[in-house]
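In this document, chain identifiers A, B, C and D correspond to the written order of the chains, with residue numbering beginning at 1 in each.
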Amino acid sequence: MVIILTPAATESDVADLRRRLREFGYQSHLSRGEERTLVGAVGAAPPNKAAIMEALERLAYVERVVPITRQYKLAAREFNPGGSRFEVGGGVTVGAGSAVVIAGPCSVEGEEQIVATARAVRTAGAHMLRGGAFKPRTGPYHFQGLGDEGLRHLTTARAATGLPIVTEVLDPRDVARVAETADVLQLGARNMQNFPLLREVGRCSLPVLLKRGFSATYAEWLQAAEYLLSEGNRRVMLCERGIRTFEEHTRNCLDLAAVPAIRELSHLPIFIDPSHGTGRARYVAAMAKAAIAAGADGLMIEVHIDPHAAWTDAAQAIDSAEFGALMSDLAALGPLCGRPLHPVGGND
Amino acid sequence: MVIILTPAATESDVADLRRRLREFGYQSHLSRGEERTLVGAVGAAPPNKAAIMEALERLAYVERVVPITRQYKLAAREFNPGGSRFEVGGGVTVGAGSAVVIAGPCSVEGEEQIVATARAVRTAGAHMLRGGAFKPRTGPYHFQGLGDEGLRHLTTARAATGLPIVTEVLDPRDVARVAETADVLQLGARNMQNFPLLREVGRCSLPVLLKRGFSATYAEWLQAAEYLLSEGNRRVMLCERGIRTFEEHTRNCLDLAAVPAIRELSHLPIFIDPSHGTGRARYVAAMAKAAIAAGADGLMIEVHIDPHAAWTDAAQAIDSAEFGALMSDLAALGPLCGRPLHPVGGND
Amino acid sequence: MVIILTPAATESDVADLRRRLREFGYQSHLSRGEERTLVGAVGAAPPNKAAIMEALERLAYVERVVPITRQYKLAAREFNPGGSRFEVGGGVTVGAGSAVVIAGPCSVEGEEQIVATARAVRTAGAHMLRGGAFKPRTGPYHFQGLGDEGLRHLTTARAATGLPIVTEVLDPRDVARVAETADVLQLGARNMQNFPLLREVGRCSLPVLLKRGFSATYAEWLQAAEYLLSEGNRRVMLCERGIRTFEEHTRNCLDLAAVPAIRELSHLPIFIDPSHGTGRARYVAAMAKAAIAAGADGLMIEVHIDPHAAWTDAAQAIDSAEFGALMSDLAALGPLCGRPLHPVGGND
Amino acid sequence: MVIILTPAATESDVADLRRRLREFGYQSHLSRGEERTLVGAVGAAPPNKAAIMEALERLAYVERVVPITRQYKLAAREFNPGGSRFEVGGGVTVGAGSAVVIAGPCSVEGEEQIVATARAVRTAGAHMLRGGAFKPRTGPYHFQGLGDEGLRHLTTARAATGLPIVTEVLDPRDVARVAETADVLQLGARNMQNFPLLREVGRCSLPVLLKRGFSATYAEWLQAAEYLLSEGNRRVMLCERGIRTFEEHTRNCLDLAAVPAIRELSHLPIFIDPSHGTGRARYVAAMAKAAIAAGADGLMIEVHIDPHAAWTDAAQAIDSAEFGALMSDLAALGPLCGRPLHPVGGND
């Protein structure tokens, strides 16, 4: 870290600071400028480093403490410079240069609905099926998902189509149960900093799709991934799904620069969810194409066989025909952007 | 709700909309303006109202759907126009017009530390003791709290001072265990939308302090409270602890207008946490006084017997002497603002 | 507008409201629901409508006033449903389905620099040259642009390459002078709500590129455009250049959903500036391609012949070789997205 | 500045960086840690320092460049450690420990209205009269102020009451004209970064009230003040008027921590505007009291003799009776907070 002293800091302040740093196990280097003195503290980071930085910031002669090292290690690009590539759901390889498409409804509403949707998105070329059985809802009176019944319908849909299942888990007590059905566990935006849940999912052997919190920074998101990685789960996919801004016309602001930025900061594959990312069905295709042009590793798209009747997120779901047209566009566009669509599996 | 049609909407669009509303169980009222037609839909709100609104927004001839009713009922001021007032910790009455002060360290660091702090804040006039045994930390390598050992130290501190204990619970699996020690369960900002946790705490008989999420709106916060209330727990205190803004000099931006606004929207008592709300110890006193002047029902303040040595949040903790001076100021200021300090209990 | 009454509103409150609305020249329609009564007010909007809405919001029995009509008319899509298409700089047609690329340095630094850059971007296929002679700078001690000398160098660069000039104007007193040199006047993000400047530029015959304020909503941006349009200047291009969010890794967050959203709300062409939009040179190409994939009408890209030596915005400028490679990519990608590159003019 | 190198930086990268710094006129100091190397660059800051920092950030082996010195000098607390104190309007001293209250309508609507309001606020104890003759309005069809006629009415109101006049100027071409009438020039939030206007007002001899931009940081605000100070105008008051956040119930979020923060960072007096800061008349008194409790140097409050009839900002104006009651509360509260109300002048 670098400690920037106030203009009023004296010689004895500097000495006091260096003594403290020594006690904390740091070596210190001094740079004196005309206006400010700054002290670089280096050495093996002690485990309570965050506390040390806060304590130093309290000192009257300290103006600011600037951290140097990133707060994540296993999630950092340096840990795996070539980028992570792994298989999910027996047949889909993520991070290998092709675009993987996850499609399906916001919520599982019944067997017929999810099976029909699974068939439709499979026909159009999707690689995985999404569908929520447990739903995080802002208010207690909203539909909270079909729960276990929804999981059973997802199993039926997988049997019918061969598509691996991506579904959300909300409660650390449900992880084992959801993991029996899911091929990929989804962690939603509101749970990005639900640390007990992250730890529980980190101990699970299934791959994880970790959505970005709607006001989270990249660093916070990667630290959330670090929770998963540090528990031993190395198959972590990140998913940008829009952040909260002052604009109200769209539900969220899709931050597509996350694609090149996360690729630089981390080795983990980066997905884009243009459905939550805009909240408006008629913007989904434009943003999905933009995501592939920017180099995303995959997409997560809400598709409903009858969006007007959807129980949740009706405003942002596209229908099967719109999804089919989008997949055609992506098939043409992808190869020009280094993101050809992932081959479709042979099982049915 | 009100449905605003696009300028291009035709007569048959209007008829189609009214037919749909009828099917959903609504009556509709039409207002034709020169530029726009708008349709008011009234009637008993069906349980899937949010879904209906989303489905209507999808229609090509609909520009916007405006909700009319608030998404919370038990938390609304109308539910209890006189304001909620209840006892916590056997002797402290919240919401009765006097200011209740919760003070203590961010984390329990050991028996000696928490007992000494408890004694110091009690001497200065605090009404309850805060101290975290389970800590939500952005990264997995940060100190995560002493856990059960921390709970034991809190019990010791209560025995030594008589101060009721406010401590955070993070995991739905820990609620019963933490409730054995705590007098008030704290739900942190990152867990404001952790719905399984809200439900579990809602089923508990202890009072709750629900912090506002750092990017949450009042409506989302009150819907989170509604989760607690709808499970039967009516002793809910709200606590504003600062929101994320573009300013980096302070850790958060303390939104003091939450005091009059929450009082208008809800009957629940409103607390202010100036420590997290600014992140800087030297701004805490100014903001604590401002909170009381604005009419807050209580304060939550981080106090550490040796802030420079605090394991967490050192930058924002004040020491015992600073806390004592602040309590004197509040004792003078409070009566002028309709917020005299709550009387200190007689047990010791 | 729709006026939503509080649950406590009485019959005489409703009568009072309807009387007020009648006095303001509105007709009112009543919808009574189980929880709320709402009143739709229609009729020719009086000029002081904003004031009326505010006055109604003050009434104790009014919960909220919801505007129905948009606050802009000339900028709305309905005003020109087919979309605006116009010529700028004698030979470049904007809004006609092809992608127009504006490139050049942040600041004009000297004749040699701007002429060399102009030649380089022209060779790579750019359609217009950007370069700032008057620079808005956060602090007074930063380089403020070469001023009139910069304008002379831009004239030289245009003579050398035939490229039309896009340059910023900051001060209403400079509009006439800058208009003598420029082919397109640029209004920067910080001046989006500089109303005297908007009016002055609106009275000018040159086309305008209006950047979005870094915290502005679409509605505010389109109202700023309305200032230009209502003064008679109909050749207005909008340019999204990134908004301020909590993320610090990138300088701004490029809101690409502005492309489909503005196309829906307005008939004005929409440009994207991925240089300011990310603030990092190495993300510019990814975001430029994403912008074209999303359907942007054009791009504005910072190019410097020697970015390491740039006087301003060095971190976000790409060099001539990078720009050339990007233009090749766009030439391949554009036709697949309905955005082939605009043909390059024949003059030299 | 401190330059933090990437983990991959080599010895020759370090040598290259130090050579570049030498050429820019800096001395460099090296600190090698286990994970990162960092280089402190000290020496007289060259005028193009911002450009140098950007250029360094472009280097592949540089992770981040951290500025050390603040970007403002004349506005910094160090420039005047005791705090600025100056007279405005012949009789009111700002910054001397007493609270100065500016009150009046958003807009001047006519002679009768402004004179009656001036009398009412004077009776209640206000020290200065506010009233807008030139109004910045989001859309071109909103009331833009009475202009010169408004200035004449303000002159009449001053003659009638002796209250100094605070009024906004929007256009650099109007500064001289408005200065003939005004005692204090107000620069509004939208113009905080209107640099030509700042320079023109900086050359004027009148004191200035500089409002914070609605998404500006403290550093940007103080740099805007630096524009004024560096032109020679030393009588600058800062005014916090609420920032934009995600909360929609209030118009803005009043950032009261600006009071202690600005006092620490700068010597300039800090005012609070609770009217714009909340946008709701019924929250104004609570936030005005909170501002004084936090130690503000003054308040700016919208008062209208008949708020329901106000042409602008009706929702946030309080009436004369409410203002009178607030002034009584402040008179009692102020002395306890080190902010007794400024004595009322004797002229009439």
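Keep this in mind: contacts are C-beta pairs under 8 Å (C-beta built on N, C-alpha and C of every residue); 3 or more make two chains touch, one makes a residue touch a chain.
Here the structure is a predicted model, which means the values were calculated and not measured.
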Chains touching both subunit A and subunit C: B, D
Chain separated most widely from subunit C, comparing mean CA positions: B
Centroid distance [mean C-alpha coordinates] between subunit B and subunit A, Å: 27
Centroid spacing, where centroids are CA-atom means, of subunit B and subunit C in whole angstrom: 39
Approximate Å spacing (C-alpha centroids) for the pair subunit B, subunit D: 31
Subunit C residues counted as touching two or more neighbouring chains: 215, 244, 246
Subunit A contact footprint on subunit D (complex, rising order): 2, 4, 7-8, 29-36, 38, 40-45, 66, 68-69, 78, 244, 246
Footprint of subunit B on subunit A - complex, ascending: 47-48, 50-51, 54-55, 57-59, 71-72, 136-144, 170-173, 190-191, 193-196, 199, 214-215, 220, 223, 226-227, 230, 244, 281, 307-316
Complex interface listing, subunit B residues touching subunit D: 215-219, 243, 245-250, 253-257, 259-261, 264-265, 277-278, 280, 282-283, 286-287, 289-295, 329, 332-333, 336-337
